[in-house]
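Given below, in the form of structure tokens, are the structures.
What follows is a pair of complexes built around subunit A, which joins subunit B in one and subunit C in the other.
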Partner chain A sequence: MLEIHSLVSGYGALTVLHDVSLSIGDREAVAIVGANGAGKTTLVRTICGLLRARSGRVLKNGVDISQTPTHDMADHRIAVVLENRRLFGELTVRENLLLAERRGRGARKVFDWADIYALFPMIEERLETPVNLLSGGQQQMVAIARALLLQPNLLIMDEPSTGLAPKVVKDILNVIKELRGRGMALLLVEQNVGIASAITDRAYVLALGRIEHEIQPGAWDTFLKDERLVKAYLGS
Partner chain B sequence: MMRPRFALVLLGFVLWAALPHLLTRHMTDLLVFTAIYTVAGLGVGLLLGQCGIVNLGQAAFYGIGAYSCAYLTVELGYPNVTGFAVGAAVSVLIALVVGWPVLRLTGYFLALATLALSIIASSIFYEWDWLTGGELGIGGIPKLDFFGFKLDTPGRFYYLAWGVAFLSMLLVSNLVSSRTGLMLRGMRDSSEATASLGVDLQWLRTRVFMLSALLGSIAGSLFAHYVSFTSVQSFTVDKSIGFLLIPVLGGVRSLWGVVLGAMFVTILPEMLSQFGDIHQILFGIALVAVVVLLPDGLMGLLRQAAGKLGWSRVSA
Partner chain C sequence: MTLSLILQALQAGITNGFIYALVGMGLAVIFRGSRVINVMHGEFSVVGAMTTVLVLTAAKYPYWFAIIAGLLTGPAIGALIELTLVRPMIRQQATEDQFVLLTIGLERAIAASVLFFIGRDGHLLPAFGGDHVFIVFDVVIREHSLWLIAIAIIVVIALREFFRRTTLGLALTAASIDADGAATTGINVARMRTLTFVLGGLLGAIAGILITPLIAVDYTTGLPITLKGIAAAVLGGFTNPLGAVVGGLTLGIIESLVIVGVSSGYKDVLTFSILIAIMIFMPHGILGRGGRGGG
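And now, the complex of A and B:
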């Protein structure tokens, strides 16, 4: 599904990612965990073309997309939910979704509006509400719905749980599980290992821009119990 | 019973239609210019208000529209409509070719690039005298006629100029409320999120630039047929600055604001000219006063006034 080989990336004179390699299989959910400043967001921005890689390759189903502009990522069936949601606050829920639907049109249709309503009943009720007026959790749902209308088979999410109440996080995790059930591959960038471990099969631990550790399938519990490891990589 | 809003629109329409018969010829002439400047200013306002692009190059397209009409009708004897069409086509094409590389820039650099466009265009208008008549210009541009009705007085041209201005406003208003308008609003809010939804931002900006150029060119064509004469002085950088002032003064996100801005730059200098030599200074002071005191432009002032009078909302 997604393969990253020796990715180097950064801003100006600052190199943030050093030689990062990872892969995600079909229908697989993989987390990138790490402390603040580890380079998690830089990784997301580089994968989806908001930041040009200095070197290295990003392959989606074997096609090199490291030079692909962000607006063509939907053609490769990649959709991203950026950090802080980045919704258009003055626009209504419907308008936010319409913007994404434009690109999804004509492509393979996995998610239509009925699917969106089924996944997020709240959206159907609040279609004409400006996004600014929604709660944080509702906004996160709109952000996910918007990404789904791009008809991805790989969904990249950057810190979807930030600033949300535990109950709301649980609702969102349930949606993500539902998506996984439908075969969506997932790359979840998350500082909160509890959340990451709840919905992903395995993980990479990013520290100071390098992959320092891999958490294999079934090894989440061992990792979480090892206080030394958790403290060393996540600083908590 | 007529709805009050409909009655208001009807009243406005009747007043608009009656104006040339009520006003002096000179005043009507100024209103024709207001309409022409509204068309050109709408393009600049669209770029400024929707894309945050400062366009100091509109006089280039205004000139292309004007010279295209002058050359094709006077020198080659083609029908009037060809001048409009060729000017529009050339302007849109130049906007595409220049806009595509230049719109990668942002902020001051982009503003400077558009300024350069205006400077280059005005030198070309001056130097290519085989096409533009150089310093002498091209005179004798035929008056337009509309199904045999000759638009040879300000009172007659008024209806065409304002017809085009209203159509342009309708076009821009439809664009802003369309899906493309959503993209533009999205781009203002978060350009990265908009790109991640599959919107090619550079192509979007280029398309708006092309539309702005189209409006500039049509305005220039109207101008040429109205005054029957084109001269290099009409298409200088000064004119570009004037076009930029229109939406800035009127209010960048309001269509009627552009009309108010256009009135400001056409009518106010004439009213001030009775004060003699100092009229330019007075105009400068008025300009600074509007920019400093009215951040939302003249339309913002009007909205505030309407709010105080208890009207819920002045439609934009």
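And now, the complex of A and C:
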């Protein structure tokens, strides 16, 4: 599904990611965990083309997408929900979704409006509401819905739980589980290992821009119980 | 000062106000889409009007054809500037002041080119509806003024509907609200920016062609048009293209009342003093901040 080989990336003179390699299989959910400043967001921005890699390759189903512009990622069935959601605040929920739907048209249709309403009943009720009048949790749902209308088979999410109430986080996790049930592959970047472990099969631990550790399938519990490891990599 | 004199002034103020509105809207569209304060904006009007003049008088084509030719220069120059100058500068992360320098340079260069290739003479275009006038309550209204106002209103409504109802208009707004959010939604942000220059250039050319039957255009006309347009746009809040309509009309009406009430010599002094006062008390423009207004 997604393969990353020896990715090097950064801003100006600053190199943030050093030789990062990872892979995600079909229908697999993988987390990237790490402390603040580990390079998680830089990794997301490099994968989706907002930041050009200095070297290394990103392959989606065998196709090199490291030079693909961000707005064409939908052609490779990749959608990303950036940190802080990055919605169009003055536009209504419907308009935000319409823009994605228009781009996702022509692709093999997996999600239509009815699917979106089924996943997020609140969206149907608030279609004509400007997005900046919604709560943080509702905005996160609109952001996920917007990504789904691009018809991806790989969803990349950067810190979807930040700043949300536990109840809302639970709702969003349920949606993600539902998506996984439909075969969506997931790359979840998350500082909160509790959340990451709840919905992913395995994980990579990113520290100072390097993959320092891999959490294999079924090994989440062992990792979380090992205080030394958790402290060393996540600083908490 | 008689009532008919005041009405006459209002008529002139509204006519000029719509020109300032069109220029201000173009500036606001470009500013919102690219954060560039386009000092050469008035040159869109000058080149549009001059091209119309040349195609009409030198090449002897029909007026409608000359107008279309003139209108097309705005989008063409806008696209050229964005693709060849603005885009590479954005890639190198130029700052807002560098873009102001760029557009000041372009303003001077285009004005000098007009002087070099066309000369010092002012040129007028034929008025729409000829020299026909209406007289209402002793107020003389040229038919052209009515055409100008009607066309400007149609342009304002069309622009508003374009931003509100078409997905392309929504995509332009989206790209200006959040570029990264737009890119991850599949919107080609760089192409949207080119489009804002195309749209801004078209609005500038429309303004130039509409005003030239009333005021002769020459190589010096561009900068004053830009300044009035900036005033209109700032009064309207600058990021809201429709705010520029309110700003432009306010500016035009104040200016014409100053001319009849005080003296045309003090026109700019008093007008801009009033504008400064408005900006002190309403720093986010007459319409205030927030709301989607034009988009």
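Quick notes on this structure:
The rule is short, and it goes like this: the second predicted complex is superposed on the first by the 236 of 236 C-alpha atoms of A that agree within 3 Å, B and C clash if a C-alpha of one lies under 4 Å from a C-alpha of the other, contacts with A are read in each partner's own complex, and residues count from 1 in each chain.
In this text, a residue touches a chain if its C-beta (ideal position, glycine included) is under 8 Å from a C-beta of that chain, and two chains touch if they have at least 3 such contacts.
These numbers were taken from a predicted model, which means no experiment stands behind them.
In the three-chain model built by superposing on subunit A, subunit B clashes with subunit C. By the document's definition of touching, neither partner reaches A:Trp113: not subunit B, not subunit C. By the touch criterion defined above, A:Pro130 lies against subunit C but remains apart from subunit B after alignment on the C-alpha atoms of chain A. After superposition on the shared chain, subunit A has more residues touched by C, the comparison being subunit B against subunit C. Shared interface residues of subunit A (contacting subunit B in one complex, subunit C in the other): 48, 50, 69-74, 79-80, 82, 86-91, 95, 98-100, 102-103, 146, 150.
For subunit A in complex with subunit B, the touching residues are 48, 50, 69-74, 79-80, 82, 86-91, 95, 98-100, 102-103, 146, 150.
The touching residues of subunit A, counted against subunit C in their complex, run 48-50, 69-74, 79-82, 85-91, 95-96, 98-100, 102-104, 130, 146-147, 150. On subunit B, the positions that touch subunit A within their shared complex are 179, 182-183, 185-186, 189-190, 192-201. Put simply, subunit C touches subunit A in their complex at residues 167, 170-171, 173-174, 177-178, 180-189, 291-292, 295.
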